[in-house]
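Common to both upcoming complexes is subunit A, partnered first by subunit B, then by subunit C.
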Partner chain A sequence: MQRFSEIILNLDRRIIYALVFICVFFPLIKPLELPFTPTQEVRDAFNDVEALDPGSVVLISCDFGPSTIPENYTMLQALLHQCFGNDLRVIVLTLVPAGAALGNRGLMEAVKFADDQGQLRYPDLEYGVDYVYLGYRPGGTAVMLAIGQSFTTAFPRDYEQTPTKTMPLFKEISALGDCQYIFDIASVGYPEYWVSYASERENVPLSVNCTAVSAAQYYPYYQSRQFRGLVGGMKGAAEYEKLVGMEEILGRLPDATKGMDAQSVVHIFIVIAIIVANFFYFFQERQRAKGGAR
Partner chain B sequence: MSVATIIGIWIAAALTFMIFSFLYKDNPVYKFGEHVFLGVSLGYGWCIYYWNDIFPQAIGPLFYAPTPEERDWLVLIPIVLGSFILLRVVPKLAWLSRYSFALYIGGFAGIAVPTEIAGRFLPQLTATMNPFGPDWIAAVTQTVLLVGVFCTVVFFFFSLEHRGTVGIIGRVGIVYIMVAFGAAFGYTVMARVSLLIGRFQFLIFDWFNGVILGRT
Partner chain C sequence: MQFLKRRLPILIAFCAGLALWAQFFIPSRFSQEALEKFTGSWAIILAGCALILGLLSAIHHHWSKVSLHKPGWVYSLITLFCFGCVVLAGWFPYQPFNWQVIAASGLAVIGMVMLLLHLLKRMQGQVANRGTAIGAGLITVLGILGLLVINPLQRFYFTAVTIKEGSLFDWVFQNMFVPLDATMFSLLAFFIASAAFRAFRARSFEATALLIAGCIVMIGRVPLGEQLGFSIGGTDISFASVASWILNNPNAAAQRGILLGVLLSMVAISLRIMFGIERTYMGGAD
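Our next item is the complex of A and B:
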């Protein structure tokens, strides 16, 4: 037992990596379809968007870069399909430079989504009327304050350099206060600023999809209802995909949902590893104490 | 799938393997991947900043105005103030940067202080002091929250020695802080695993299935 505990406590980290590799790899190629249920904070975000009247405008801020695609991009897709499916109009922008191309790709992917027969799912969507991609503007909080005054002043041109003043959407929606909902999809600390510089100032409800790293620190905002909903990490995105019905829309398992089996298996492995390592650690400490007592 | 996409996927897969090779041990291939990443990130970031910030807000209004009369000379003010900040690297002229910083900090503080108080500080205080109820579960939750906030604040109050009652309250505060750290750690593990899953999904579905086996 003593020898075995020494082996466990001095295990080469590469063996742990190999075990994590196995735990991720096999559930991805052979899905286990472990069940998961949407949590209340994800349901709240989903229900809020569902409750918006057709024609309402949702501002989506894609404040994430390529490094968090598995957590944020899948959420962006689910949210856009929900918006377009409910006849909501969307204004998409980003406050991080790395999100500029991703936001555009995400929006266009949803707009041009076609089924197996090549039929567009949302054929009536019109750029500048039903959706707009404003792209990136530096400044963070300054941009939030600026769109609180006027979209067309803060973004005189959109991502493709088209003047925004000529767009029908901005003839009706002049500033952030005219939007009915804000959804921040973020891998950085912007959700806290969206609360104070946008949502509270302009009295527009806000929900957030953040990376799992940030989720714990945002719960106070959900508890105070400053975040109407909180979608944390890939797990939250998978729950949102389930609520939107992304599997039926895409005709395959959506990416975040596909990753949930691997997520669960790795977590089980990590919990077991922590218990085993602690058991042998305390065992060895006890043996040492016994040895010292003698 | 276009040739450009295929080449892109191959490059991305190769770079992923280069970075993963660090898990075995540090090596030149990993270093190469790391340097490529840094270089590309910097170049991409610089281009984005230049075309979204510097050009439309500084160079364009001065040198690329549609007509000479439409030149916006006012942009010279932020250009000069911005240049003063860069002068911090010149010791003899570093004092000039103080004017820029004074203006920036003064302006931003004027905006941020009332906004933060009204938008974050007061709503969070209000949420902490919600009435107990409507049912006993909500009342218990509110009590746990109130006790947690009070004890944690006491733990960070260093004007009194942490002995006796203050010490006990501070220790309860530590328990709350540890629970918060535990939750944050659990979520961090989940985040990192999510990123790993994302890379594996790319390697398995996009690279191996899509490019090597030619399946969609």
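Our next item is the complex of A and C:
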């Protein structure tokens, strides 16, 4: 037993990596489709957007890079489909350089989404009227303050270098205060700044989708209702996909939902690994204590 | 000199801090317009300059590593080379896989590599042929001129923030940067599993509490956690509900305390900067 515990505690890390790989690989190949229920935090965000009147404007900030695509990009897709499905208008921008191309890709994917017969799901959408992609501007909080004063001053041109002043949307919506909702999809620490520099200043409700690791730190904001909803990590994105009905829209299992099985299995594996390691650790400590007593 | 180096930056920091602080409490038209001017132009230009400063600093760091042959200098060389290639790709908004673009950018890249090799040789004190250097420079210039000719000069500016779908920069971003960045981050799962197995030990009361809470939240935040649970006094409790309780109660309480501490510290630091007590931002200790 002593020898066995030593082998376990000094297990080659490559074996652990291989086990993690198996735990990720097989559920992705053969989804278990474990059922799950959306949490209150996610339902709050969804219900808020759902309650907006048709024609309302939602500002979406894509403050994420490629590293968190499974957590944030999936959420962006679900949110855009919800907005377009409810006749809401969207203004999309990003405060991180790596998010510029991803935000554009996400928006265009939703706008140009077509069913199996090639029929566009939202054929009436018009650029500059129903949706706008402003792209990236450096400055972070300065940009938030700037759009609080004027969209066209902060972003004189959009992502494609089209002057924003000529767009019908910005003739009606001059500043952030004219928007009805802000949704920050973030992998970095911008959500708290959106509270201080945008949502509270301009009195526009805000919901946040963040990575799973940073979700815990945002609970105080959610409890104080400064975040109207909190969509944490891939689990939150999967719950949002379920609420929006992304499986019916896409005609396949949406990406975050598909990833849930792999995440379930890996989490269980890590918990089992911790328990096993601790069991042998205490066994070894006991043996050492016994040896010392002798 | 003392005035320019010390007093002027403190004066600027004091005035800017005071103006923004006062603006928040004076919702007049004049103050709104001043804020619009500041945030709409000054602040964004300053942030853009900071970005350029960061880029120059990174280039300087890697170039000094290469020139001094510090450990890992080859990686710095690769970084600089990739940096140059991505800047070129962003500068010229072409469609990828166009033979003219491939030929011109190939020439530019070959020229740059030859120039870098020549510089390295010289730094190592070896005899380097001047003709090769001139040839390499000409090839680089020829490549860049070729790219300019293919693309009319009307779009001769950095287009990294206005990337059109299907352009060369977009191709580099979507097919190289996205998978590489995603791969780097996904490796974290493997490292976390290995680290948890090796280091997560119930050595003390605090470590045990953290371990138990961590395990419950890990199980509770996945669909399986909703199916798994236990029964207390005939009431079924799932891991998901326990995880939710942990996040909404002890976690939120602790986070709130940390947050208040951080915010109070930020106020203190802001005041220290405004009154010139904190001077590390000017370079040097005090």
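The rule is simple: the second predicted complex is superposed on the first by the 294 of 294 C-alpha atoms of A that agree within 3 Å, B and C clash if a C-alpha of one lies under 4 Å from a C-alpha of the other, contacts with A are read in each partner's own complex, and residues count from 1 in each chain.
As a working rule, a residue touches a chain if its C-beta (ideal position, glycine included) is under 8 Å from a C-beta of that chain, and two chains touch if they have at least 3 such contacts.
Note that this is a predicted model, so its numbers are computed, not measured.
Asks: Clash or fit: what happens to subunit B and subunit C when subunit A is overlaid?
Replies: On the shared subunit A, the partners clash.
Asks: If we overlay the two complexes on their shared chain A, which of subunit B and subunit C does A:135 touch? Say first, second, both or neither.
Replies: both
Asks: If we overlay the two complexes on their shared chain A, which of subunit B and subunit C does A:154 touch? Say first, second, both or neither.
Replies: Second partner only.
Asks: A:226 contacts which: subunit B (first), subunit C (second), both, neither?
Replies: first
Asks: Based on the superposed arrangement, let me know which partner A:25 touches: subunit B (first), subunit C (second), both, or neither?
Replies: first
Asks: Between subunit B (first) and subunit C (second), which does A:253 come into contact with in this model arrangement: first, second, both, or neither?
Replies: neither
Asks: Which holds for A:11: it touches subunit B only (first), subunit C only (second), both, or neither?
Replies: In the superposition, A:11 touches subunit C alone.
Asks: A:235 contacts which: subunit B (first), subunit C (second), both, neither?
Replies: both
Asks: Give one of first, second, both or neither to describe whether A:195 is in contact with subunit B, with subunit C, with both, or with none.
Replies: Only subunit B; A:195 stays clear of subunit C.
Asks: Please write out, lowest number first, the residues of subunit A touched by both subunit B and subunit C across the two complexes.
Replies: Subunit A residues touching both partners: 17, 20, 24, 67-69, 97-98, 100, 135-138, 145, 212, 215-217, 220, 223, 232-233, 235, 263, 266-267, 270.
Asks: With touch defined as at the start, can you tell me which subunit A residues reach subunit C in the complex?
Replies: Interface residues on subunit A, with respect to subunit C: 11, 13, 16-17, 19-21, 24, 34-37, 39, 65-69, 97-98, 100-102, 104-105, 108, 135-140, 142-143, 145-146, 148-150, 153-154, 157, 159-161, 212, 215-220, 223, 232-233, 235, 260-261, 263-271, 273-278, 281-282.
Asks: Applying the document's contact rule, which stretches of subunit A touch subunit B when the two form their complex?
Replies: 14, 17, 20, 24-25, 28-29, 67-71, 97-98, 100, 135-138, 141, 145, 192, 195-197, 199-201, 211-217, 220-221, 223-226, 232-235, 255, 258-259, 262-263, 266-267, 270
Asks: Which stretch or stretches of subunit B touch subunit A in the complex?
Replies: 23-24, 44-45, 48-49, 52-53, 111-112, 115-116, 118-120, 123-124, 126-127, 145, 180, 183-184, 186-191, 193-198, 200-201, 204
Asks: Please give the residue numbers of subunit C that touch subunit A in the complex, ascending.
Replies: Listed in rising order, the residues are 32, 35-36, 39-41, 43-44, 46-48, 50-51, 160-165, 170, 173-174, 177-179, 181-182, 184-185, 189-190, 192-194, 196-198, 200-202, 211, 215, 218-219, 221-227, 244, 247-248, 251-252, 255-256, 258-259.
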